[in-house]
Amino acid sequence: MAALMHCRRCLYTSAHPLGLMLDAEGICSGCRVHEEKDRLDWAERWQRLESLLAPYRSRSGETYDCIVPVSGAGDSHYIVHLVKQRLGLNPLLVTYNKYFNTSLGIRNLANLRIRFDCDLIQQNVNPHAVKKITRATLRDFGSDYWHCLAGQTVFPVQTAVRYRIPLILWGAHQGLEQVGMYSHEDEVEMTRRHRQDHDLMGREADDLPTMFDTLKESDIWQYRYPDDAALSAIGVRGVYLGNYVRWDPKAQHEQMIERCGYRTAAFARTFDTYDHVDCWNYMDLHDVLKLHKHGYSKVTDHACREIRHGRLTRAQGLALVRRHEQAAPQHLDKFCEWLGLDRSGLGFLLDRHRNPRWWREAETGRWAFAGASTTAGEAAGVTMPPASAVFEANDVLAHDGIDGYITIGKGHP
Amino acid sequence: MLEKRLIGVITVKDGWAVQSIGYRRHRPLGRPEVIAENLDRWGVDEILLQCIDRDAQGGGPDLALLERLCRRGLSTPLVYAGGVRSVSDGVRAVQAGAERIGIDALLHDDPHLAAELAEPLGAQALIAVLPLSVHNGALAWLDHRSRLSTPLAPALLDVLASGAISEVLLVDWQHEGVHEGFDERLLALWPMPTQPLIAFGGLSEPSQLRGVLERPNVVAAAVGNFLNHREHAVQRLKQSLAGLPLRAATHAPLDPARAWS
Amino acid sequence: MSGARLTIGVVDYGAGNLASVARAITGLGHRCRVTRDTETLAAADAIVLPGVGAFPAAMASLHEHGLVDFLRQQARSGQPLIGICLGMQLLADMSLEHRLTAGLGLIPGRVRPLAGARWHIGWNTIEIDPEDALLSPSDGQSLYFNHAYAFDTPPPYCIGVSRLADAFTVAVRRGKVVGLQFHPEKSQLAGRLLLKNVIEGLCRA
């Protein structure tokens, strides 16, 4: 196995699951692409976006110009603000029900729909299929999230085909933002190949029944990508606004908090309070699995982003990572109850997915961690982030006092 | 009628498929086998798998990758390049599943040994990979290991004239990854008018591809980075190249059983 | 898919990677046995003979594994046999590649260098004899070729040609022995359909 290489500027390593290239100066492909954010003429790029979108504007006003995939977190508020208010498009919002929903996420999603006065359709795959799939993916490749990733990435494409709306507008491209998979100037668009390779960890819907005896076609067909002929006939295209707008999630969220009523919550496992507030698992069970499998977790993604935006030094980022990444998960019981697992069974699965490259069982039940942060160098002494990098929460995940998975929310007009 | 070809290139570094810019900078793309399967589904005419770090690692062809890729049972012809140092390396690569192989470093070190590969494999299975640039109005040939360029060696041209190697992949290495960057002077300055050529490096637009494929001695155009930026990139390029003797675009049905219903 | 599932034996005599051939067969819904065991091959509904590299080495390999007499016997007894690329050339009486070498002699004719061209590489159209029920649906289709030698065989056995400057044989048939110069397993949809027609046509006749 090749030696682990660290980027000298951010905290990513050559073991990044999306791939990471380091150049002769020891700077990673992600940092190099990030440099473009301060070099490109964003006014010119906005014009390019306007030209690209022009043919998709409906003249009649009786149809949707585009589809925008949304959730009760992420950059959804900002994306809808751009699409509706700055670009003047008429979007159809689509969302996939992850089942792990917090009441804050339900509230934010309602806020999104109401505040921006948009139409929204939601896909709820039946719970029996979702649980069957999740049991299989969790056991076999340590993924509690396959159904979420599959559903979130395919439902917008299926909707585009079914409703004959060719244009799908996404926010930022994760591969570009994290590891510099593409230059902004490549103007990369959505592809089935990228979804299969990265979002779905190589396993498309039709691969699952082959892998798992428990799954049949009737359990997975909802996650199947539309075929090439259908995509081509409609002219489906997925465009990333992040190629045309200088993407800065912290600044964008703060704008949405201030002007559009977006609400946020704190997490034990990271210092960012703006994203992932719609899910009980993402910054909890899912994040622990990430640490076990990949030797780093979401707080590193947040730190790298803030380092690249110049709001944290590398040493400050490392201090925050070390402070948060071993925080204990708090919501495993909810997951166990939902899936019908017992706690020790889940614990066993979690341990099974510890990658020996990062974990050593020092004594029974006690694990020594040798992940990325342990060889990343010197951390800053002070563990509080500087003022520019502070994230504040104005709510809690259990908004409305409801502490549990909410499949379908009520009480929002 | 024999058609011209659109070749999809997968560049591999450290086992990872990458975008390669100017033979210098690299951006991670994903797993080579997933990209190969995608190009297969899109109906590209050939797939070129080039492993660019093999010589540096002194390890010969990446047979493990080749086998892993071929195990998926691609229905598109595969060309393998990277680390072929000997006749047995070439034979092993073909045994592992490549239809044809590309040779680069070996042509600098021992072009006559490269020609010997034609014995077990046939000249039709051999491609000379030549990274070229224009220097003082003449062609300069890059050795990617030393990063030095020299004029085309007489020994190389002799081997090509003997017919031991069927095609030459002319790589505009400086403009690799540069939108619309391919320098047609490389084709104009090429000294052997009857040698079949494949153009590669900075070919992104239909108008360039048309210009290159209209030349009588150009049998194929290869595209790497630019096939990864959009859905159905191969089909779109082929559709915009209608009128050229190129196999038409296809949209394979998701369910193969539908093909004959 | 109409009809029962067939079992196709693919001769594994060291002639390279057979994953594409195997997948082409299983993709059609049939079982595939990649083997050099003569019992398994004899029990199959049809035998596919692939081939890579040069004629003399391939024949030497077939002799080494005791497959020459076996394949001749099976073909003469009426078991369907499909030769692909070099596998088609092996069906001939002899080849001039490198040195004069005897082939399986199942279809009269000899293998000689292409005339007017040093090699045949890429996708080319095939022209099929309209009388041949197996291949005529593929007439005019584009398939992938990669060879430098061609099989010369008289009219009843030549059922398909392609051309560069001149035409040359690319498909042969004698009874239930079929040879294909191109790579149907590397010719995407056109290749799959052709292979389906040949395999199912031969086995269900």
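Each chain carries a letter (A, B and C) given by its place in the written order, and its residues are counted from 1.
Just so we're on the same page, a contact is a pair of C-beta atoms (placed from the backbone, for glycine too) under 8 Å apart; a residue touches a chain by one contact, two chains touch by 3 or more.
Bear in mind that the values here come from a model prediction, so they are computed numbers and not experimental data.
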item	value
Where chain A and chain B overlap in contact partners, by chain label	none
Central chain of the complex, centres being mean CA coordinates	B
Centre-to-centre distance between chain B and chain A (centres being mean Cα positions), rounded to whole Å	36
Centre-of-Cα separation between chain C and chain B, whole angstrom	28
Centroid distance [mean C-alpha coordinates] between chain C and chain A, Å	51
Of all residues in chain B, the ones touching two or more other chains	252
Interfacial residue positions of chain B with respect to chain A in the complex	13-14, 16, 18-19, 25-31, 34-35, 38, 41-42, 179, 225, 228-232, 235, 251-255
Interfacial residue positions of chain C with respect to chain B in the complex	1, 14, 16-17, 19-20, 22-24, 27, 29, 52-54, 57, 98, 118-125, 142, 144, 146-148, 162-164, 183, 185-189, 191-193, 196
Chain B contact footprint on chain A (complex, rising order)	2, 14, 16, 18-21, 23, 29, 32-33, 175, 179-183, 185-194, 196-198, 202, 224-225, 227-229, 231-232, 236-238
Partner chain C, residues of chain B touching it in the complex	1-5, 40, 43, 45, 67, 70-77, 91, 94-97, 99-100, 119-125, 163, 166-167, 219-220, 247, 250, 252, 256-257, 259-260
